[in-house]
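Okay, so chain A shows up in both of these, paired with chain B first and chain C after.
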Partner chain A sequence: MSVSPSGSGGAVRGSVTVRRGSSRRSPRPFGRSSGVPWLYLAPALVVLGGLLVYPVYQLGLISFLEYTQAQVSGGEPTTFQGFGNYAELFGDGEFWRVLLATVVFAAACVVSTLAVGCALAVLLTRVRALPRLALMMAALGAWATPAVTGSTVWLLLFDPDFGPVNRMLGLGDHSWTYGRFSAFGLVLLEVVWCSFPFVMVTVYAGIRAVPAEVLEAAALDGASQWRIWRSVLAPMLRPILVVVTIQSVIWDFKVFTQIYVMTNGGGIAGQNLVLNVYAYQKAFASSQYSLGSAIGVVMLLILLAVTLVYLRLLRRQGEEL
Partner chain B sequence: MKLAPRLAVLLAAAVVTATACAPQTSDNSSSGKDEKSGTLRVWLFQEVNTKPKEKVVDAVLADFEKAHKGTKVDVEYIPVETRAQRIKAAFNDPDSAPDVIEYGNTDTAGYVKDGGLMDVTEAFGSWDEAKDADPTARQSVTVDGKIYGAPYFVGVRALYYRTDVFGELGVEAPKSLDELASTAKKIRAAKPGLYGIAVGGAYTYGAMPFIWAGGGELATGKGGSYASAIDSAAAQKGIEAYTSLFGDDNCPAAKCAGMGGNDTVTAFASGKAAMAIGGDFSRQAVEAGEVKGEYAVVPLPGVKPGSIAPAFAGGNNIGVLKSTSHRTLAVDLMKRLASKRAQGEMFDAMGFLPTFTDVRQRVAAEEPFVKPFVDTLAAGTKFVPASPAWATIDSSQVLPTMFQEVVSGKKDVGAAAGDAARKMDDAFGSAG
Partner chain C sequence: MNLPRARVRRPWRLAAEASALLIAVVVAFPLYWMVLSAFKPAGEIESSEPRPWTLAPSLDSFRRVFGQQEFGRYFLNSLLVAGTVVIASALIAFLAATAVTRFRFRFRTTLLIMFLVAQMVPVEALTIPLFFLMRDFGQLNTLGSLILPHIAFSLPFAIWMLRGFVKAVPEALEEAAYIDGASRARFLWQILFPLVFPGLVATSVFSFISTWNDFLFAKSFIISDTSQSTLPMALLVFYKPDDPDWGGVMAASTVMTIPVLVFFVLVQRRLVSGLGGAVKD
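Moving on, here comes the complex of A and B:
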């Protein structure tokens, strides 16, 4: 009778093995009790539960209530509204305008950030050590700058009266934040500036991991720089590109600081509002916490849907992630 | 992630202490206690320079502690920028809330709805000094016929102008709103580097007199039920008059549409504007600027030559929190802080205009600078609707949005005013 070295199957099969098994270390150290792994997971689960699940639950709950400052401080009773907050939100033309602006703006930011980040990552692999170091330091500097500081500095650069940009371009006192598109464009520049380093560094690390001979072979076959990126690097870097894309989508969809600071809370007549700033105005500026929560839930669902659809599309193309 | 976790973490933290899974609601009913000794806590606002204010307040407190044996008063000066959060937090957590607070008079109705302020109608009625409180100040502590505090000081705006520029161009201080516009454009034409009058698309309190001057109103009604009147013909005429000041012939829309009150005063103080609408409280800022000694102030003129446009009566009140456990003492402290004597001393220390007509007339005689402001007050001032909805209307930028839509050419006056009226009515409706 052979004793299965891999344990459990044998343990069930015969009495001899059981007796023998008891004399050696069990390959399943904790036997059948399924409680122990959970014990080890408990700290992580408590943290996740406390900081992720519970707040999201509260967010959802509040979005179904009438919950403003009067309810928080006990001036009026909290009442259940069902989908009242959502109905109010979806019935408000401004919400749809803001949603559309947010989607378009976030898409533009993601595309620009990825394009700039990837282009500079490729550039990093093509230049000598010193310029590479300089580029790296500049990028890290932009990355390390707090969003409020970055936004304020960009605003100053483009200031109609004192900004060096207008002086250099000879634009007189042209105001960049007055027009809707010019204001969005200015914010887009700042968002790209502070988020391309993440893409660049990640993609650069990925490119370094691509075997040199593959690139050499492509070059020997006469492939152009663009062709190498499209047919060799991009497919090989796909997992990395997926991660940075999802990250960028989430970040740019939720952009707050740049819009809040650079357009002074949403621009002339609210023309530059994005969802997150809109939610802030509702929830905190006017203390309509329940309406703000409803916007939060809608954003959460949109981002979940975008991420899931994106992952699904990739999976259908045969990529395991 | 800005909004969701912030709100959520805040709530999570709050709920850790509570056991229920419903969102937190604090029990802000009055404590029912009325202790006659112990420590009272007071929150007053920080100023640019708080020292002189502290001196006046300390004298009041010393008298108070002498009059009530066994009491002690702790004063805290809270920053104006974060007052909304602080006061909301105080309503949320009655245990660590102060007994007496200073608060902005446009917040009265909102705080009452939040259930934070105590009804002091009786004490105010039997207070011998209260009969001299001016009617607008009294209105600013009144909600639904009940009184929730004592007026502390008023702030009112008037027209600042550059005496040197006016002298050089040989123009006079404008006597009517039409003349104001033509003077502004004349100056801009002669001196293209200056705004004729600095105006801001987000400067609601500077724009309101234009609406009121022609007989327009923000809203009509009383108590709980208000209806917007911002789209009435008279109000639209005022909006037209104000927004016509934006343009390359006075204050270019690209720059001025986004400006708020402080921005226009800063533009004036730094010598970039020949006129601006500023408050009696703007004096320090203007004195610190380049135009020191070369400006004068007149009341903002109305539609008819020689008249004065009704100004917005801003200012602060002193109120007692519902959750106080020293009801009688707190009310007495409120009366002492806002008494005629304390207000007179506060004017000497800080330049804040008293809310008592007799005290105000006395100080105006001593200090010529405040004369145009006192004249403006005497000509009759107006106040925002005493509805909790006003806080929502204010914070959701209904009026700035309306002005900016007109100024930037997105909508005409009728359409913008109509939209604003609809938003205001929504707010009035949901505030009930």
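Moving on, here comes the complex of A and C:
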């Protein structure tokens, strides 16, 4: 029987202190019943099983089949392809180009988002209430902006004809979406703009939870601000930093809307494709569902690898699940 | 403010405050430009001398947006989808989070790890199998095809995040309620639920945003019946890459952003403490 703190029960109820002998059944309604937790879990497991686990299985299955328009609407029987789709995919130079672009783009987004988010979180702790409120509100506004909306607004800002940015920078009618790198750069700006607030707010909440005495002690010992951040705050914030890093990796690796809207479905001749958009184009634009699924499986495996790293990190920190 | 005040010297603090304000302006600028462009008369948006103000605000763009076939309906569709997802996933996640924090049972840790792994699944990659699933169940072109997957995809994160909140409720409270004769269901809904509610609110921000913003599912599953469209699709009616109607796009964007902003302002304080709580555990 799990021993529960009996004194605190009294604190909640007033003066009655409940002292239990081991002969009595635990008065907790929860605890050791075998059926009840599964009852509570049932709705979640049904939904997740049907709409997450089963589709993942299907995704894997389709990636091994011949599955094109003929099978979808023509009623032709599906044929098993083995690793044929993967062979076709890996033999295609475009796939490797897109994969490389996705990894580099996601890495750039993650690093920029974390740098901006952490820097602004520290800045938030240095200022008085009014500037803090202003920055917090602006950040929440950016966070709240839907991806489609944000994409179109940034396009207008950088529009070669009517945008204020080119006017301010004196760039004439320079088109940002024409070149491969400037288009990726523009999308990166938008992605950082709408995802740094999550990092900023979370890290700020974390810094606020660090006891003031610790920081004062460090300051009294003559540590510089940078030193305080590196040797005191960063280690204490490590769990939080791990969480926001992993979340950013996951989000930025899967960017779809911004690329799709801002580069009009992957840029000129597909120069701005990332895996997600690539899979979508393969499946829904050219009806090669099995190739699209194979790309999806590749993404799944990459993110699974990231997850394993995350779990190892959590375990090393000794966090109990 | 936690950082030692004495060390932050005055000129530095002023510099920090000035840069904070400047950054706030830069961050808010896209939103300002969106609202401004929505109110600008047509000639001013499409001018080569964009000015950061307008002397003749007009509602033309909004009229055009709401005059577009059933824009109001798309708005309601979006609201219905997001609302259903928020409520359903909050309730389901609450029950599941209670199960994994208040009980000890076999496979508990396995389940927790699976919830974590489920968060990593790239939702977008599942569009293809989900498309066929929805087709087989006759759900294509219905709002159900948007609601169901979004409930599933917001659950793992919601459960993971709520865990911390449920854990924070002292077990003694549970014993006390039981001794006072409360049934399990009564404790669950009348004691635990209100205590965990702030956490539910913080969690619901994420499911609300991801659902409200959803573009891929709406684009893939609502293929022919436009009366079931949601806002992101309606917005793109105005955005033709070669000749975008910027006024219409910005007006529609403004209309689409407002509900999320309202939602954020309402839950803002809980969000900050909620995120801190969830991450700290």
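Please note the rule applied: the second predicted complex is superposed on the first by the 268 of 321 C-alpha atoms of A that agree within 3 Å, B and C clash if a C-alpha of one lies under 4 Å from a C-alpha of the other, contacts with A are read in each partner's own complex, and residues count from 1 in each chain.
Definition applied: a contact is a pair of C-beta atoms (placed from the backbone, for glycine too) under 8 Å apart; a residue touches a chain by one contact, two chains touch by 3 or more.
All values reported here derive from a predicted model rather than from experimental measurement.
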| task | Based on the superposed arrangement, let me know which partner A:Pro43 touches: chain B (first), chain C (second), both, or neither? | result | second
| message | After superposing on the shared chain, does chain C or chain B touch more chain A residues? | response | C
| task | Based on the superposed arrangement, let me know which partner A:Glu76 touches: chain B (first), chain C (second), both, or neither? | result | first
| field | Which superposed partner A:Val56 touches (first chain B, second chain C, both, neither) | value | both
| Once the shared chain is lined up, is A:Gly296 touching chain B (first), chain C (second), both, or neither of them? | both
| query | Does chain B (first) or chain C (second) touch A:Asp221, or do both, or does neither? | reply | neither
| Touched partner set for A:Val153, first chain B, second chain C, both or neither | second
| task | For A:Gly270, decide between first (touching chain B), second (touching chain C), both and neither. | result | first
| field | Contacts of A:Leu124 with chain B and chain C, given as first, second, both or neither | value | second
| note | Note: overlapping chain A surface for chain B and chain C spans 50-51, 54-56, 58-59, 62, 72, 254, 256-257, 264, 276, 279-280, 283-284, 289, 292-293, 295-296, 299-300
| query | For chain A, which residues count as touching chain B in their complex? | reply | 50-51, 54-56, 58-59, 61-62, 65, 67, 69-78, 160, 173-175, 177-178, 254, 256-257, 264-271, 276, 279-289, 292-293, 295-296, 299-300
| remark: Seen from chain B, its contact residues with chain A in the complex are 1-5, 7-9, 11-12, 15, 21-29, 88, 91-92, 110, 112-116, 201, 252-255, 257-258, 388, 391-392, 395-397, 400-402, 404-405, 407-408, 410
| said: List the residues on chain C that touch chain A in their complex, please. | reply: 1-4, 6-8, 12-13, 16-17, 19-21, 23-25, 27-31, 33-34, 37, 45-50, 52, 91-93, 95-96, 98-100, 102-105, 108-109, 111-113, 116-130, 132-133, 148-149, 151-153, 155-156, 159, 170-180, 182-184, 187, 209, 212-213, 215-216, 220, 231-232, 235-236, 239, 241, 244, 246, 249-250, 253, 256-257, 260-261, 263-265, 268, 271-273, 275-276, 279-281
| Residue ranges of chain A in contact with chain C within the complex | 2, 4-6, 8-9, 11-13, 18, 27-34, 36-38, 40-41, 43-44, 47-48, 50-52, 54-56, 58-59, 62, 72, 120, 123-128, 131-132, 134-135, 137-150, 152-157, 159, 161-164, 167, 193, 201-202, 204-212, 215-216, 219, 225, 239-240, 243, 250, 253-254, 256-257, 260-261, 264, 276, 279-280, 283-284, 289, 292-293, 295-297, 299-300, 303-304, 306-307, 310-311, 319, 321
